[in-house]
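There are two complexes below, and they share chain A, which is joined by chain B in the first and by chain C in the second.
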Partner chain A sequence: MALESKLKDNSTRMNKLYRFGMGLDMKNNSDGLVSRLFGNLVSSMRKFLFRILSVGPIPNHLAFILDGNRRYAKKWNLQEETGYKCGFWALMPMLKYCYELGVTYVTIYAFSIDNFKRGPKEVQCLMGLMQEKIEGLLEEESIVHQFGVRVHFIGNLKLLPESVKVGAEKVMKATANNNKKVLLICVAYTSTDEIVHAAQESCQRKWDEIREMKPGGGAHSFEISNESQEEEERRFIKLVDLEQCIYMGVAPDPDILFRTAGETRLSNFLLWQTPTCLLYSPGVLFPEIGLRHLVWAVLNFQRAYSYVEKKKKQL
Partner chain B sequence: MSIYHVYDLNRGLNVPKRRTNCRIMGLGAEVQKVLHWIAQSGKIGLCLLWIILHLIIGIWYFAVDIVRAIESYLISSGLFKRYKALDISKVRYLAIVIDSEEARQTSKIIELLRWLAAIGIKSVCLYDPDGVMKKFKEAIMARLGDAKLSEEVTVNDPLLDQKFIALEFVSFLDGKEAVAKAANLLFDKYYLAGDQEKPIFTESIMVEALKAIGCVETEPDLMLVYGPTRCHLGFPAWRIRYTEIVHMGRLKTMKCGSLIKAIHKFTMVRQNYGT
Partner chain C sequence: MPSLQLSLSISPLTDPTLSPQPKPQSLLLVPHTPLRPKHLLCCLFATAKNAIIVEDQDAVVNGRVGADTSVPAEEDLLLPAGLQKEFMPKHVAVIMDGNRRWARMRGLPVVLGYEAGIRALRRVMGLCCKWGIIRVLTVFAFSSDNWFRPKVEVDFLMRLFGRGLKDELENFVRKNIRISVIGDSSKLPKPLQELIMAATETTKNNSGLHLIVAVNYSGQRDIVQACQSIALKAKDGLIEPEDINEFLIEQELDTRCAAFPHPDLLIRTSGELRVSNFLLWQLAYTELFFTQSHWPEFGESEFLEALHSFQQRQRRYGGKNT
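Moving on to the complex of A and B:
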């Protein structure tokens, strides 16, 4: 009973934190004049801080690997599911801060293809949580409506349960006309799978192009016969073809990639898109991430801006 | 009322109204000037605050660099016991990423490779985007002495008895362009070769294609980045799925102690590969 009560307290505390972070309680809490004033003061200070940061270059695209949810649950003696929920509650204010700051694209690594190897109960729990949160995106008070966010689900969606896949497609369709901000949610995603898919897609498209040019000709008509041609001209599939077929082609390359919990690897996330991306690995567990981490990352981005821009032009 | 009187009356009535309008317009212009001045001052104030913020961060990093330099010196001198016994067997393949401008300092690269050889690292992949180190590979290997190219090392060589360091030289062209070449190979093999059924490409098919065009498939366990920022600068994407990426600062300020610390920290990492 004591444990249940503790879990409930933690859950209520996290829920309050989420609602406070999203500014959801400010309108409804009629008897919280002090908390409302405090909330407005905090919000004004944050906006003032963002105005100072905006003197320098602001990153256009941020990516997040949400690491440390299970370790957070273990640290606070919570169930793993609560750890993931705490991660989600920390994510929403972070998205709000990013969009308020002026970041246009935010990508999150919600579920890797490698995560399917976890225990079936854990995978089921994650899928259930994902479905619940995907449905929540369409609610009136969600961040999608607040900031006019277009949502893309990136990855091999065929690997997802039907209900999650349908929910994802529904959200993508409902937000297709939003054009102010973009949220890319990587589910059933790995970079290597993305690259393989891009290779297959570009081969198929090139094959369809060839068949349209000479219908009924088949493969035999296109044998490479001219040995004097440059090797690159002989190639049917070029780098630009792959770039057009890559899942993440709907957004520019990220400027900063956050991975929490102090881990310094990319775990098969955005490997193709991050040659000049600043990799930032704060030691904090994801449910504990806050505004200060975002501000620190942006300041470091501004310090490195001229070098990164030079490298982008060279590569 | 006579016309003359109306005229006078009208002139009398109109003069104060025109003066009032002029005064109001003058006041409006003044207010606008003041608001414009406040806005300009506000912008200048924000710029000053931004500069102060970056100055504070610059001072912070300067202090951190001094502390790291002292720590590195203490590690090199053998003062810390925990750095004396490194479990090098965990570092089977090490990648060094260097900014192309800094990669021209071949003497620094050779010094770094000598440190790595002294620590016990047997296989190193050297990467810079423009392929500067690739161009100077003969010179680097000649000056280093006990070094061989990775491609020349036969599979039979037992790693533990290896008395040389195996080097691989990689550039940006071995990354995305190599994947495009592999995709082209697959296109030739499965689409152009006949009317056979087109298979669904898998990662193993892609790996075979990359091997066929001469790409090395070994994934580095640890990547040390020497440059102004922590970016992998386009290292072949296929090979860094689970590679730990550590920023070491600029090549010109490299320190042996920092190298030992980075390798030691890596040996303490436990990966779960997504499970």
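Moving on to the complex of A and C:
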């Protein structure tokens, strides 16, 4: 009973912190007035800091691997589910900071296909949490409406439970016309699965094109060119065909890939999209991530910017 | 008293499960002459706490006394202290960055930086051969976007690769090293292409360290050419598009020549925190290690630092905590 009460207190405390960080619950009473004034002061200081950072180049696309939730739960003697919730509560302010800074695209690695290997109870808990948070995105006060965010769910959605898949499709449809910011949530995703899917899809499209081809020539990829027949056959599918079919084709390549909890590996995330991406792996656990980590990453990005831009143009 | 030839065989008897390795507790004495009671007298004057006298030289095999498995094998003793054999990577990949910066810092021409880089590569290969556990070493020698460097530099690099292959071929054969070159070699100078073919053909049956040199290599191009090869098979009716899977793509990547195609550890020198279009598919679960040292300075201590870091990592592959 004591443990349950402790967990509930932690959960309530975290919830309050999240709502404060998001600028919610500002009531018009004396307590609320102080909180509102303090909140406004913090917000103004943050915007001033972002103005200074904006003197240099700002990344267009940030990607996050949300690592360390279970270790955070273990560190604070919490249940794993609470660790994941704390991760979510840390994510929302981080998204807000990114969009305020001027970042247009943010991608998060919410659930890998490899994560299905975890215990069924843990997977079920994660799916339940995901469904709850997906539904929350459509609430009036959510970040989606605050910043005009278009949401994409990236991955092999057929692998998800029906309720989660339906919720995801509902959010994508509801936000399809938003055009200020973009949030890409990778679920049931691995980069190798994404590439396989792109190869399958592009082959299938080529087959369909050939079947639709009328005698005497029509618009198709096998235009008569100066290339030898062997070269032409070799390029049955081209790079552009793959890029059209890749899940992440809705966004440019990320500029910074954050991985928290100090692990320096990609874990099958955005392999295709990160040939020149800056990799940043602070030791902080994801629920403990803060503004300072974002600022530090952006400063590192600005330091290497001219070199990376030159390389991108060469590619 | 007949003269007694006692040879101290360097086989400290230690508990291999202890880390770091403690000082030897015993010395193994293997007399060259038949065992006599006088040998026991000599042992009384031995400085070691315990002495084990083995009558039969043949009872000592690979530093082990008979079937005593607590004594580590001789090849294990070549592994530096603190490294555990079972947690060593099988495939190490290296982005050899910083040759030019190293040269500029010393006021030397860039070409000397590259030559120093070759020496560093020889050192790392020597260590891999000595330890015997790292089976594949892949090095990023020349990226497809390095063609944009000054022509003089590119020409020098091509000549350096050719000279390196020619000079080292005999060494590869002697040390049982197999060499493969991945990347689009069609754009390389013809003499270099011929040297590459000769070297790969000569060493293809070698079973020691497999050195893979990535020249004019791009991770994205590797994936695209693999998908194109599979698409051709689909076009020819050998497979259906829906049968395309990860295994089929792996069979078409340039690294299919390796027994262990996925690097366990990637080392990048010079402090740059990116993979620069190297082995993108293959790096899915690779542990990345970034060091500030420039490549020409990379030696045993830097390599050990990377390996120690690797051995401390918990590799979960997305699953449960182990």
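Quick note on the criterion: the second predicted complex is superposed on the first by the 292 of 315 C-alpha atoms of A that agree within 3 Å, B and C clash if a C-alpha of one lies under 4 Å from a C-alpha of the other, contacts with A are read in each partner's own complex, and residues count from 1 in each chain.
Here is the rule we use: a contact is a pair of C-beta atoms (placed from the backbone, for glycine too) under 8 Å apart; a residue touches a chain by one contact, two chains touch by 3 or more.
Treat the numbers as computed from the prediction; the structure is a model and nothing was measured.
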In the superposed model on chain A, is it clash or fit for chain B and chain C? clash
Just checking: does A:191 make contact with chain B only, chain C only, both, or neither of them? Give me first, second, both or neither. both
Which of chain B and chain C A:239 touches, first, second, both or neither: both
Chain B versus chain C as contact partner of A:173, first or second or both or neither: neither
Once the shared chain is lined up, is A:292 touching chain B (first), chain C (second), both, or neither of them? neither
The intersection of the chain A residues contacting chain B with those contacting chain C is 112-115, 117-118, 190-193, 195-196, 198-200, 202-204, 206-207, 235-239, 242, 264-268, 271-272, 274-280, 300, 304, 308, 311, 314-315
Listed in rising order, chain C residues that touch chain A in their complex are 145, 148, 218-220, 223-224, 227-228, 230-232, 234-235, 241-242, 244-246, 249, 272-277, 280-281, 283-290, 313, 317-321
Hey, which residues of chain A end up touching chain B in the complex? 51-53, 55-56, 112-115, 117-118, 190-193, 195-200, 202-204, 206-207, 218-220, 222-223, 235-239, 241-242, 264-268, 271-272, 274-280, 299-300, 302-304, 307-308, 311, 314-315
State the interface residues of chain A toward chain C in the complex, per the touch definition above. 70, 112-115, 117-119, 190-193, 195-196, 198-200, 202-204, 206-207, 233-239, 242, 263-268, 271-272, 274-280, 300, 304, 308, 311, 314-315
What does chain B use to touch chain A in their complex? 46-47, 49-50, 53-54, 57, 100, 129-130, 172, 175-177, 179-184, 186-188, 190-195, 198, 200-203, 205-206, 228-235, 237-238, 240-247, 271, 273-275
